[in-house]
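Before I ask anything, let me first share the structure, which is written out below as structure tokens.
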Amino acid sequence: MSPEKFVIMRHELLLTAAALMVLIVEVFSHPDKKGKVITLSAICFGLITVLGLLPSPEGELFGGMYITNAGRLMMKNILNIGVLLVFLQSADWLRRDENSEKISEYFVLMISTLIGMNFMISSGHFLMFYIGLELATIPIAALAAYDRHRNISAEAGIKLILISALSSGILLYGLSLIYGTTGSLYFGEIATVFRGSNLQLLGFIFFFTGMAFKISIVPFHLWTADVYEGSPINITAYLSVISKGAAVFIFIIVLFTVFPVIVAAWQKVIYVTSILTMTIGNLFAIRQQNLKRFLAFSSISQAGYILLGFIGGNQLGMASVIYYILVYIFSNLGAFGVVLAISNASGKENVDDYNGLYHTNPKLSLIMMLALFSLAGIPPVAGYFGKFFLFTAAAEKGYYTLVIIAVLNTIISLYYYLLIVKAMFLLKSDNPIEKFKSTWYTRFALGLCVAGIIVTGFASGLFELIRNLSFGI
Amino acid sequence: MTSNQLMFILFSAMIVVFSILTVTTRRILRAAAFLLMVLLSTSGLYFMLNYQFMAAVQLTLYAGGIVVLIIFSILLTSHISQKFEPVELKKSIFSALAAVAGAILCILTILDYSFSATTVAAQEVNMKLIGKSLLSVDYDGYVLPFEVISILLLAAMIAAIVVAKKGGPAKTKTPTLN
Amino acid sequence: MDILTLFVVIPVLTITAILFIKDIKHVRVVTAIGMGIQLIMAAVLVFMYLAARKAGASEEMLFVRDYLWFKNPNIHYAIGVDGISVAMIALTSLVVFAGIFASWEVEFLTREFFVSLILLASGVFGFFISIDLFTMFLFYELAVIPMYLLIGIWGSGPKEYSAMKLTLMLMGGSALILAGLLGIYFNSAPDGGQFTFNILEISKVTIPMSAQRLFFPLTFVGFGVLGALFPFHTWSPDGHASAPTAVSMLHAGVLMKLGGYGAFRVAIFLMPEAAVELSWIFIILTSISVVYGAFGAIVQKDLKYINAYSSVSHCGLVLFAILMMNQTALNGAVIQMISHGLMTALFFALIGMLYGRTHTRMINEMGGLMKVIPFLSVCYVIAGLASLGLPGLSGFVAEMTIFVGAFQHTDVFHRVVTIVAVSSIVITAVYILRVVAILLLGPTTDEHHEHLTDAKWFEKVSVVTLIGSVAGIGLAPYWLSTMIGASLSPLVEKIVSVNPF
Amino acid sequence: MITGIPIHYFLILATLMFFAGVYGFLTRRNLITVLMSVELILNAVNINFMAFNRYLYPHKMEGMFFSLFVIAVAASEAAVAIAIIINIYRRFSTINVEDAHEMKY
Amino acid sequence: MVNFGYTIWILILPFLMFLLLGLAGHKLKPKLSGLLGTIGLGIITALSYVTAYKYFFTSEKVDEAFQKLTAFNSVWLQLTENLHIDIGILLDPISVMMLIVVTTVSFMVHIYSIGYMHGEKGFERFFAFLSLFTFSMLGLVVATNIFQMYIFWELVGVSSYLLIGFYYTKPSAVRASKKAFIVTRFADMGFLIGILILSFNTKTFDFITLTSLSGPAITQTGGAAFMGLSVLTWSMIFVYMGGVGKSAMFPFHIWLPDAMEGPTPVSALIHAATMVVAGVYLVARMFPIYSIAAPDALEVVAYVGAFSSLLAAVIACTQTDIKRVLAYSTMSQIGYMMLALGVSGYGGHDGLGYMASMFHLFTHAMFKALLFLGAGAIIHAVHSNYMTEMGGLRKYLPITHATFLIACLTIAGVPPLSGFFSKDEILTAALHHNKLLFAVEYAVAGLTAFYMFRLYFSIFWGKERHYHHTPHEAPLTMTVPLMILAVGSVFSGFIPFSKLVTSDSRPFESHIEMAVAIPSVLIGLVGIFVAYIMYSKETAIPDKLATTFKYSYKWAYNKFYIDEVYLFVTKNIIFRYISTPIAWFDRHIVDGTMNLIALVTQLVSFRIRGFQSGQLQKYGYVFVTGAIALAIIFVYLWK
């Protein structure tokens, strides 16, 4: 392989190197100085993130099994940013005594899932796609079960891995049908012979099911809430943002490159499921008390909105989906960051516990509010722009009914986001969360989130960039 | 009826029967045994399909690896003689309905489709070719998945360790959460 | 930097300043200074506008600036004003200015209060200067959201419920608007070419009728929710009742006008054909609003409820006039917006001050206050008289313009509903006088109320500013009416070209 | 060796096995048996791939390799799943799937 | 051409006075503010007299007719291309006459009030309101267009409201003021609708254009007909509705008696002499239209006027509150004026009724103001409003007594006092037009004489009551106006109205028709005589009569229960059956719907929670069935 090809694959290679390095450091470092691993990993990952942003040639490797172009690179970069934020946020959590044994494992697993996602995004072949998908799922199940002292953590782990196995089984069955009817698993080749017969449609639906599981689209979402609730908060954040984002990315790539022929069919599927997803997600979110669970349902409904960008089948839709994921990363990680910080400091995770938070921790409350507003799509924060573009994309193809349903759903979602705001700002508590100071990591992560939430919206250049880059997918 | 067909009927009958037994038997170790039978029959099918390599892999990896793993875990977690309570009727009926519906749907759709065999000459599958393909970086080469799966296996190993590792210091301390 | 953008920048600067002030007591001073500057700016803008018009500037909008923001969708930061927006900006700065003095004594989380208040104001200002639908909508929502905190934190009564209801209903309206905006956007170039959000450009094309039929109701109802269109007005009584003084002032005074302004600027102006075709539905709804709100106000016991219902009635009149779609009625609509904005702000300011003294808003728990706090009481009477349309105060000018304008339609339907709307002036008189009689006149009923103190200096500033404006418009409406009228002509031309009446 | 056997037979067989696995997934009480059902599902998929490869596209080995990797993935999946199951057993002293429902609604 | 440009000051001055007294009044000494107001009004009065002189005697006439002069006009508000509200000053015979009436009476009342209101709390407020009223009334009078008239019409309404409720701590006053405002407001709604219809058809508000014989109102007699009457007629009836309200004609008269809760000078000024005749003035102002283009509307005017005058006269006979008696008397007299207009034709001698109406308006202003001010002096002296608590006061209040007697004689139509002349002209006009109306008015003339002298005798004669402290004559500030007005009442009958104020502004010859005059004087004398018998001494006759005609007396005493009907309508129908249900509907149905949406959402959210059972296999079940369902739907059903 020429060096140029290394550059093309640099995301994956760098990550692999990082994972190995962490392992090596783990082996050779003194047991009492495991904390250093955190710093090392964060710095290392920051470097990778920055390096990933460098311009890169496009190209195909391994006979078309690995495809990279500006658009996919951008997706990887977006994920990198998200993971960096998650790493920063998890620093405090990792420093807790019960986790000190497994710091480097945490990083290795996280990075390997990210490698999986990157391969998934870069795949040009369903085998690569499948392996990437599994690589992105299996270690997360272990991470979900990471908290050995919490029963629900193990429960989350088993739920995740079993449902994911079922889902990948169905997905594989679908893939097998697609393979049987087209004779290839290369994206490009499938696209040329795909005609949309019943069997192919069946294959597509089963494939869709598998993706829907990852994106947690109704009715394939039921695992989401339990796994989110049971997992450690940073894993939940990772699942809700990175894992979902990667799935969205690859899904959009597959839809546009493999199945453009049956666009009418998948638009219908998405039409129905997006309505279901938004509505069901919102309806469940209303009643949640546990913030993680709450954010789980919120993220389900967010997935419904994201589908709006798919349905147009247009370039604006693609761009707005990618853009929205970016925005969503900042917003959701902002929210999770606050939840995590508070959970670390006080162990409280319920909405009631947040009563009167503003009076003790005003900054955290403000960040939380900003993040929630961004999730709800309230201007002038980025979420507003993201949602607007998604809706615009759907409206461009005339899906006005869908847009109206979606905007009405945003009202419901606003309701429950406001419930949190209400708890933090309006209500008083006899037993508020005490004032505490976060560490540098958390602050930095939250600062990045806030900057992202505010800047991503106004900086039109960013969206323009995404729009231009997404053209090549 | 040719011997092929006979063999096929034999294997498929075994597969179907043992599959159903696997998911219905009330003794867990038997279930594992039935699963093993299914996997073995499957490898027989692979022989029939003239994929000896795959049949071997199936035997070693699946039958030899996974099933053994499963049996170990059964031994770890259950009494061998333990008999499950029967499944709730409602649950089993509904699940069966779903499964049957899905099967009918898929079968009808499959039967509806007329597969057209390729006209390109078949490729002799031998170990050399498999090895070459597995290490090829060109079209139809599988070195990249091969590399990635190694990462996956490594990650899975670490994951399994992380999960199953008997608790460190945290175990002795009272958990602060929950 | 152009003068219009300053209207958004100054609030933002003020907020920044507030955030960096150490001493919490200086917060309100800084706020007052900031909004004072804004008021001066508004005056300057009015003069600049008039001067420019006098100098012969004949474009529809003046001081137009257009910066590309997003290329696709074609979003610009486009601003510009005509007489209507200038008038609304002036109104807003007046009400905000008065509002700040009315909330001089906010003790709880002072800094946050003023920040939210100014954020709200900046949304409103932004809305009025925008001529790009996207930016307009952005500012619109920006103006709605701080309401939640303002009512929820500093409100009274069932504030959480009210705040939630208000926010959700308004956002529900804005959801419809959003759908409508997208529809307009994708029909803004029926002959091919670049889609646009720019109002001026869209107004030059005719949106296909089939699209108009769908999006006119959406946008109109969407804005109508904020304009308290029956039956989407129910956020108003609860919201106003629970809101703190300045917020009620701003909300009833300015924010509800966003509804009318938007309904006019977006719904009617861009889709006149559908407006003509479908207006009858909304005319019926608005005439119901007008009469219904007034009747509803008669039996209320809470001062703020009375005023909220009264606002339903008056804002219904705004929408009613807008739907009449002729120069005079539209002119009346704009004047009514301003007039109602001022006087309802005045009302709420006074109610707030009364509440601050008596700690009740129930009219049957108060009585004979005229003797105790004459200044506030007289001001209340003046506000009441303005509200019931006494000549010499602004309400009269607006109502008469609307009635005369609405009556210019030759068909029976429009004239009959006009007469229905006219009947509201009597009902208004009934509830205003009822309140005045119970609240202010007669003997003092509660002995605790006998030692109340009259208005303090900052309250006087607040109230006098508003009364001055109300009386100013009422006594000499000509300049305002002409300024608005001149700006309306091009808009009306477009509407009239499709209006068969 | 497959002359006289239509491809449909293989596909139907795989489908039956697949849905037997699904049925098992939906009804088995023990987490390990659920895992076994998953193995059935994956195995069914493998049969599909192999059959397609042999019958329709014998000039390439995509289906076969896919099956190969599925087996590998299945193995790692099983490993992790079993690790978690054992962990659960340690915590709950049971691996009845119905007992793992602390989180709901 | 005489320049009348200065007349604008007639409007500006009182307004400035209002602002000065209203804003700075509480800082001035009460005395000073009263004085300021009075001086200001003196100047205005002087200006008015100058104007009248110049208008009637020096201004040019065309074709013998007084011209309508627009002394000042400026656009106040442009509504449509054609319609604009102007603020201006229109001088023609009736407006100039009204200027005289308004300023004179107002000036008298100002002077009187200095004495009457002495020491009252809110003295300066009183004068501020008086100034406001004067401003509004003058603006109404000189209005150049119907909308200006409407503006000032509303303003007089509100000044009246403020003044009736001057004693705002007194619940009855508050109620009365509210009632007055709302009732007139309701009538004004009719006025406004009338204006809208009228202006829509004629495209103008301007009085000169409207009333010009070649103007749109008269030449195009309205558009389509509605219920048998032309649109124009309807508009004029609606406009008249405003007049009915303001002039307290049936059925909108109920506010007037209650309005007597206000300070007596106010009653004299507003509710006797000036504001209440605004309705008459309105009809007179629009008279050409009524007469030529909408005779049906004019009939309405006549009948409403006649019925009101009769009704009021009957009620007045039974009331004991002297101010109420006077109020009903006012209503009755205004009925006369309305009737006169209603029976009048246009131009020349046909316009006798019009002239008579204006004439009566003028004389009535004098004597009714006198009566009220006199009543004020009496009340001032005895601190009671009820004639049952008075008697034999002539000893204590000589000046008041004398002037009051003059006024009573005047109103009873005893020659040669002014009332005789004006009433006689009205009866003449009625006789020529409609015998029925004449008969009614003839009877009313008798009743008027009766109840006025009932009042007179009860107060000044009869049995002396026990007073808390000896009544004493009012101070000079109060008696001087009485005397001046008495002079006016006596002599104003000699003003040659038919030369000055006529329907077509051209003078004509009028003379007393003995056939009408003699019977009317006779019946007046009969009325006085009956009253003398019944009330000059304490007798049992009134009570006896009251018991004989128990029911009719009770009905009349209770004002024919019209108030109760109104109360029923407002309290029961509007409050109980309209407003309360609407408020309920709003809270429960409309708002309830919104809450219901929220509730249903919550409920659904609760109901579907079973999906999220926590059971892995249920999740799997949903997963699988979901996949199968999607497949069935999208592969087979919905392609």
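A, B, C, D and E label the chains in the order they appear, each numbered from 1.
In the analysis below, a residue touches a chain if its C-beta (ideal position, glycine included) is under 8 Å from a C-beta of that chain, and two chains touch if they have at least 3 such contacts.
The structure presented is a predicted model; accordingly, all values stated were derived computationally and were not measured.
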item: Set of chains whose contacts include both subunit D and subunit A; value: B, E
item: Middle chain, criterion being Cα centroid separation; value: C
item: Selected pair, greater C-beta contact count between B-D and A-E; value: B-D
item: Chain located farthest away, centre of subunit B as origin (C-alpha); value: E
item: Rounded Å distance, subunit B centre to subunit D centre (Cα mean); value: 4
item: Rounded Å distance between subunit A and subunit C, as computed from the means of their C-alpha atoms; value: 42
item: Centre distance in Å when subunit D and subunit E are each reduced to the mean of their C-alpha atoms; value: 96
item: Separation of subunit C from subunit E, taking each centre as the mean of its C-alpha atoms, in whole Å; value: 36
item: Subunit D, residues touching no fewer than two other chains; value: 11, 18, 21-22, 25-27, 34-35, 51, 56-57, 60, 62, 65, 69, 73, 76-77, 80, 83-85, 87, 100-105
item: In subunit C, residues with contacts to at least two other chains; value: 168
item: Residues of subunit E whose C-beta touches two or more other chains; value: 598, 609, 612, 614, 616-617, 620-621, 624-625, 627, 631, 635
item: Inter-chain touch pairs (all); value: A-B, A-C, A-D, A-E, B-D, B-E, C-E, D-E
item: Subunit E contact footprint on subunit C (complex, rising order); value: 165, 168-169, 230-231, 233-235, 237-238, 292, 295-296, 298-300, 309, 327-328, 331, 368, 370-371, 385, 388-392, 396-397, 400-401, 403-405, 407-408, 415, 418-419, 422-423, 425-426, 429-430, 433-434, 437, 440-443, 476-478, 481-482, 485
item: Contact footprint of subunit B on subunit E as seen in their complex; value: 617, 621, 624-625, 627-628, 631-632, 635
item: Subunit D residues touching subunit E - in the complex, by the definition given at the top; value: 22, 25-27, 34, 97-98, 100-105
item: Residue ranges of subunit A touching subunit D (in the complex, touch as defined); value: 126-127, 130-131, 134, 138-139, 141-142, 145, 148, 151-152, 154-159, 161-162, 165-166, 169-170, 172-173, 175-177, 179-180, 183-185, 225-226, 229-230, 287, 293
item: Touching residues (chain side subunit B, partner subunit D) in the complex; value: 2, 4-5, 8, 12, 15-16, 19-20, 22-24, 28, 31-32, 35, 38-39, 42, 45-51, 53-54, 57-58, 61-62, 65-66, 69-70, 73-74, 76-78, 84-85, 87, 91-92, 95-96, 98-100, 102-103, 106-107, 110-111, 115-118, 120-123, 125, 129-130, 133-134, 140, 142, 145, 149, 152-153, 155-157, 159-161, 163-164
